[in-house]
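I've put the structures underneath this note.
There are two complexes below, and they share chain A, which is joined by chain B in the first and by chain C in the second.
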Partner chain A sequence: KSHISFVMVCYEEQANLILFLQPQQYSYPSIFIYGHRASGKSHVMQVLFKELELPHATVSCVECVSVASLFEHVLLSFFGYEAASLLPRSPSLSDFVRIYRQQCSRSPAKQTRYIVMEKSELLRDADANLLPALLRLQELVEDNITVILLSEISWDKFRPNTGCFEPLLLHFPDYSKVELQQILSLDRNPSYSAEFYSSYINILLGVFYSVCRDLRELRHLAALNFSKFCEPLAEGKVKETDTHKLWRNIEPHLKKAMQTVYLREVSSHQWEQMQQMEKEADNCLFFPLPKGLSAHTHVELPYYSKFLLIAAYLASYNPARTDKRFFLKHHGKIRKTHFQKKNEKASNHLLGPKPFPLDRLLAIFYSVVDSRVAPTASIFSQISSLVTLQLLTQVSHDDQLDAPKYKCAVPLDFICAISRTVNFDIVKYLYDFLQ
Partner chain B sequence: TPRHATPSIPSRSLPARQPANVLEEARARLHVSSVPESLPCREQEFQDVYSFVESKIIDGTGGCMYISGVPGTGKTATIHEVMRCLQHAADVDEIPPFHFIEINGMKMTDPHQAYVQILQKLTGEKATADHAAVLLEKRFSNPAPKKKTTVLLVDELDLLWTRKQNVMYNLFDWPTRRHAHLVVLTIANTMDLPERIMINRVASRLGLTRMSFQPYSFKQLQQIITSRLNKVKAFEEDALQLVSRKVAALSGDARRCLDICRRATEICEHSSTTGLVGMCHVMEALNEMFSSAYITAIKWAAVQEQLFLRAVIAEFRRLGLEEATFQQVFVQHQALCRVEGLQPISVSEGMAVCQRLGACRLLLLESSRHGVLQRVRLNVSQDDVLYALKAD
Partner chain C sequence: MLRFWGPLRSPVSFSVSSVQSIMSKRKVKDAALPVGECITQVQKILRERLCHQQLPEKPEGLEAQHKHLLELLKRTAVHGESNSVLIVGPRGAGKTMLLKCVLRDLLEETEAQKNLLQVHLNGLLQTDDRIALKEITRQLHLENVVGDKVFGSFAENLAFLLEALKKGDRSSSRPVLFVLDEFDLFAHHKNQTLLYNLFDVSQSAQAPIAVVGITCRLDVLELLEKRVKSRFSHRQIHLLSSLTSTQYLERVQTQLSLPDHFPDGQFAQDWNDSIKTLCRDKSVGEILQRHFNSSKDFRSLHMLLMLCLSRVSVAKPTIKPIDVQEASRVCFADATANMLRGLSILELCLIIAMKHLNDVYEGEPFNLQMVHNEFKKFLQRKSNSMYNFERPVIMKAFEHLQELELIRPVDGSSAKTQREYRLMRLMLDHSQIVEALQKYPQCPTEVKQWGMSAFG
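Up next is the complex of A and B:
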């Protein structure tokens, strides 16, 4: 038992709660364990079962696309291949229970058998009878069996409408900053001292703790940036104890990492390459970043498609009553106060795009394009190809041909970039940005 | 091996006990499954069906009859009685011999199974549904010497409905063939079934030979029970009258009436006052059977559950609607907790309370994954809830 508590730092309480269930006696039919991502739910289970050598089957509900694979896996890990091969081709729950009882009468349980269901929130999408049956599986198969459900969602959102056997609820709390520090310090580099590594973790948590408490993410970031932290040491500029200088060196680097590698703009492989290049370029701090994922949003479009997209954007974000003012040359006299934004409505850019009919799109299109454009088949096919590129979306799929309605699905900076390529000042035409 | 999985009713190892005293005797006689010596109060209907089928058998022609009536009015029992009498008449050579086949829509997994069952009962052959249809078609349309008339009873007709209605169509079309010699008696619960679900060509073949069984009046019910009891003196006259009046007022269902009488004999037995089944026993049985389970459930619900129901009603009053989200109800619940001097419960506990009430069908809920936004409606009337909560 002492060995187990050594392996699992900061899990003592939970582990003890689970260990409290004596394996020789009948244990509670079902246990529901919930907690945030990376709070050690699966890990505790794995380590416990491995150390105590309890018979168990660990099933991930993501992998079980059909119940058949779930049943097969459970029978396989408890009774071996012969039992699993007894299952018919598309087994029902009663088939599973029947075969389980058969096998169980042949080899009765000496200890509690455990079924661990990971990501059990997906069970709610399975057959309506699966979750209630799993919760009282002990009763159904008359064997010393406990089903453990692991989830990130609380039990309130699981309960079927017709009621069910209530499982034992167990919560895995989040790690505190101290616990995170303790766990992250475990995987230190043996060539450096423990204090050195823990001071690195301290700096890392100081930067990242406010945005990220996910242990897996933090561990990944720690591994990525440690070589940079050690750089001044390798060059002999500072000593291990000179924490302030090390902090001065690493802090901007970590800030940059938060904007790039943490958001997966830059893959970790690219990030390592960048560090390599930086070293070669003589430690220049303001080394130009390679383009991240979101910088690649620029799309090459045909000339008229660009204008169609601009027209769609204007139609989506401008109210229809202002069209006359923006796009007609002789729109008559309009008092300026009429267009003064009343403070009753939020900006259209906050509310999202509005749907517009095809006619309005074409009217705006003809008015923003300087030259004369014939409404040829290519113009219309460009509209539908914009839909397939998901730059426009068709709303209300009632009719494909007769007065279809569209929405523009591109952000502002994208459309600004597009209009810059065709020398069109889109901001001047947007109602929201009217002075 | 699915052999082990086939469900079956356990067979009786000891023979059923002979009734020891008057009450047990009465109970055995009042059991729904015990066939009565005669069917009182259905003499007219019996006569109509009897003469219809008899004339068809004697003429060697075919025909259809549609019989309707609410459950427990003795439709199936009457037809069975008719067939028994006709069978007897055929045995003593008063009328030509005939086949009698019975199928029940409720006992079939699929409407097309009707063909298979008819064929098997007629000839003992086994065939797939399609093949059976072809064989039956051939059998009923081709002439054959010395063909016996077939009487087919179709119980629970509405379950034989398919989208193209070909099963019903065939059932009603075969009797119209010259060589079919087929009489079809169909039973269903509603009178307007042919007009409601059948397309014209099916309804027209069914024809207009219809008969509806009226619900029993209280006098008839009383007569049925007395005829069943047949001189076994177990009930007081007034008690019987009360039962039959109550049942006649609600549904006129004879089976219900028999159930209540049986329950009353049980109550009488347990109350250990030897003698007849009296008014009080019958009253108790009636209360057991007719009182609303919802009100009892609310009365015995936990404190927080009752409080939650009160919160639901308070929220409905505030909104003026019959629907509220869990969130809104829970705010009321917290306020009520404070007023009552109880410890306010957490959202999770509140949710558990709400979903337990939903599982008992006292509330109608959406799927639980909507969380606090799930909408709550009452499945009982507000007056019932208030009555149940006030009673204590």
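Up next is the complex of A and C:
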């Protein structure tokens, strides 16, 4: 009993659910529980069922790629192995209900049986009749059974067209900042005092709370960065009570963590390595930051491919009517008024790339490449290999050879890096950035 | 929301122990019937009534339909007349209850009980004709006769069944009652073979069968093929609720009242009196009126009463008006508002930016780039850079919103466009956002002002 009350800090209200469940009595056929990620939906269920020793089957809808495994799991956990082996090869709901009834008449329920479906939003992608049938399973199998659906998405987005048995909706409220602080302070390091750890959690929440309220994520971040927080203490520079200095030490570190570990740019293993290196290279001012995942997006391309990509970018983000002015040698004067009319909404860097035909791509390509290039097979094969690298995308699939259309699918900083390698000033040629 | 436990909102240890005390008290034999035992009995009786859809003595307000259906089925069961009928009504109107009541009354007659064979099919379970056929064979106990033929081909099975039905005639063979729950789903089977054959048998002078379809679709006849439709008798029983609010209130009272055979007479008396005073309470009346206005079906009422009932415990052995209020609050809770309250500040800011985009461009879809731009404009006007987040962080928040289905991509298969240029639509109402802003815990003032302002 004390164990429950310890585990369920901040779950008081949810734990009152057991009053609602009343295992010896008939229960409501289906209960839909929704709440944000890591608000303790599965956990509360698990602890309740384990402590009260209720017959239950917990099924994650992610694992159940076919309904067969769902049925098998349910039968297995209620009636044992023999019942599950009765299922035919590709069972239908009808088979499941038949076998369930058969087994149920042999061992009638003394308590309510519970089926808990985690991630139940995936049930919507299953057979259309699965969700309605689960919701009225109590009526179909004529047993004291309750189906509990857990989800992050509200019930309104589940309801089938022709309606169904409406489940009872319960909300698991998310944690407030104080509650988060309490929960996170639970797993403190025994070698430090509780106040010390909770002041660390306070600083951590100060940085991350406005971005992330996911308990699991915060817990992970807290575990990763604690050693850094303790560092000045170990070196004997500050005392435990000197909160301000500790804060000065950790805050930039946490801000860096938000841009790296939080986004999974560097893995947590790499992050720990970085901290280690930092410690060793303390005297040296510059130490190389390990590159994140997105830093590796730099790709080595052949010379003409680079120009083809540049040309594609220009074709995608510039309106076709400005081509003449940008790329023709004798285009006459650029009338300023013409360019000043552009409004913000029309900016292509806001709306995304536009498709362009192959002819336009080649025309721009010849104009940006200084030397004479023959339209050989290799040029065209480079275009299609850019498509396979997903740097370009082919837009319409109706015509493969005659006048295909493409879109450029690289971001601005990527193309800037490419054009720097070939000494091409791309910003000068972009309509959106024209002064 | 689960914050409806009012006086029970206390540490967990209490709630756990209270359940265990209920459990332990259950073991005491009913010598003097302590309060715990009474409460257990109340829970048992009422829960069976509310959750398990226990059959009432008489279907209230459906006397005419009951009589009609009973007569019809009696003619099949006793006189061997073939019939077909559809019971049509909205969800929770008591279609299954009506049929079950009729069957219960029908089987009281010994002749009918001796004669009638029943086959119950459900459109949710028997999703195609082959499964349905197997189920029919099984329920008619013909598997022994056909032996392994049950698992033979569909055509064989059908031919066998039809022959068995054809061989019979009105005088000698036992009548069969087919009950097709979720009838509209059977109409989606290929060629409607099963329906055709059932109706065909019911039309021609073969074994006497009655086909009873239960459906919630009013246009169910439009779903049937012409040949199937022409064989159907076009007899429909509509269950449209003609309930008035006073009847609704009476219903609440009868649903919550304890029966005469309750073991502790004094407790039952007290309970029934307390229910009577509860129903006379003005605030309860208002709440029930509100529920009546939103829906007349009894299932939602049962849900409300179930929530009230779950608040009854040994410590508090009656239902108080406050319980009804809290239960009603849970029933009417806005799920989207609940979800919005748990978003982080950054996600809330993105939603405000989307709201402004929707206002300015009149509901045109937007992409992440535009939302980010709008957010940056807000940050520029405010001098403090508290929310100056990197782009990938904003992207992550945006994707979380998409996972919660608060925003949805315009075209489903836009895997080809880059993430930041994928067009999205906001799935929230203007008023929902404003309400969420007001209820958001510790919302910064500038964010609130930005959200409330008309244009960006």
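Heads up, the rule we're going with is that the second predicted complex is superposed on the first by the 413 of 435 C-alpha atoms of A that agree within 3 Å, B and C clash if a C-alpha of one lies under 4 Å from a C-alpha of the other, contacts with A are read in each partner's own complex, and residues count from 1 in each chain.
As a working rule, a contact is a pair of C-beta atoms (placed from the backbone, for glycine too) under 8 Å apart; a residue touches a chain by one contact, two chains touch by 3 or more.
Quick caveat: nothing in here was measured; it's all calculated off a predicted structure.
Considered on the superposed chain A, chain B and chain C are sterically incompatible, since they clash. When the two structures are aligned on the shared chain, A:Y34 is found in touch with chain C, with no touch to chain B. In the superposed model, A:S94 makes contact with both chain B and chain C. When the shared chain is aligned, no partner comes close enough to touch A:A109: not chain B, not chain C. Counting the residues of chain A that each partner touches, chain B and chain C differ, and the larger count belongs to C.
Contacts of A:L122 after superposition on the shared chain: neither chain B nor chain C is touched. In the superposition on chain A, no contact is made by A:L233 with either chain B or chain C. When both complexes are overlaid on chain A, the residue A:V387 reaches neither chain B nor chain C. By the touch criterion stated above, A:F158 is placed in contact with chain B alone, chain C being left untouched.
Shared contact residues of chain A, touching chain B in one structure and chain C in the other: 94, 98, 154-157, 162-163. Only residues 1-2, 4-5, 8, 11-20, 22, 24-29, 34-36, 39, 51-52, 92-94, 97-98, 127, 129, 132-133, 136, 138-140, 144, 152-157, 162-166, 168-174, 176-177, 209-213, 258-259, 262-263, 265, 294, 345, 349-353, 393, 407, 409, 411 of chain A touch chain C when the two sit together in their complex.
Within the complex, the chain C residues that touch chain A are 1-3, 5, 8-13, 15-20, 23, 26, 40, 43-44, 47-48, 51-53, 91-92, 96, 122-127, 131, 134-135, 138, 184-185, 216-217, 299-300, 303, 306-307, 310-311, 313, 330-331, 333, 335-336, 338-339, 341-346, 361, 367, 369-370, 373, 386-387, 389-390, 392-393, 396-397, 403-405, 416-418, 420-421, 441-442.
On chain B, the positions that touch chain A within their shared complex are 2, 4-5, 347-348, 351-352, 355-356, 358-360, 365, 367-369, 371. The residues of chain A lying in touch with chain B in their complex are 88, 94-95, 98, 124, 154-163.
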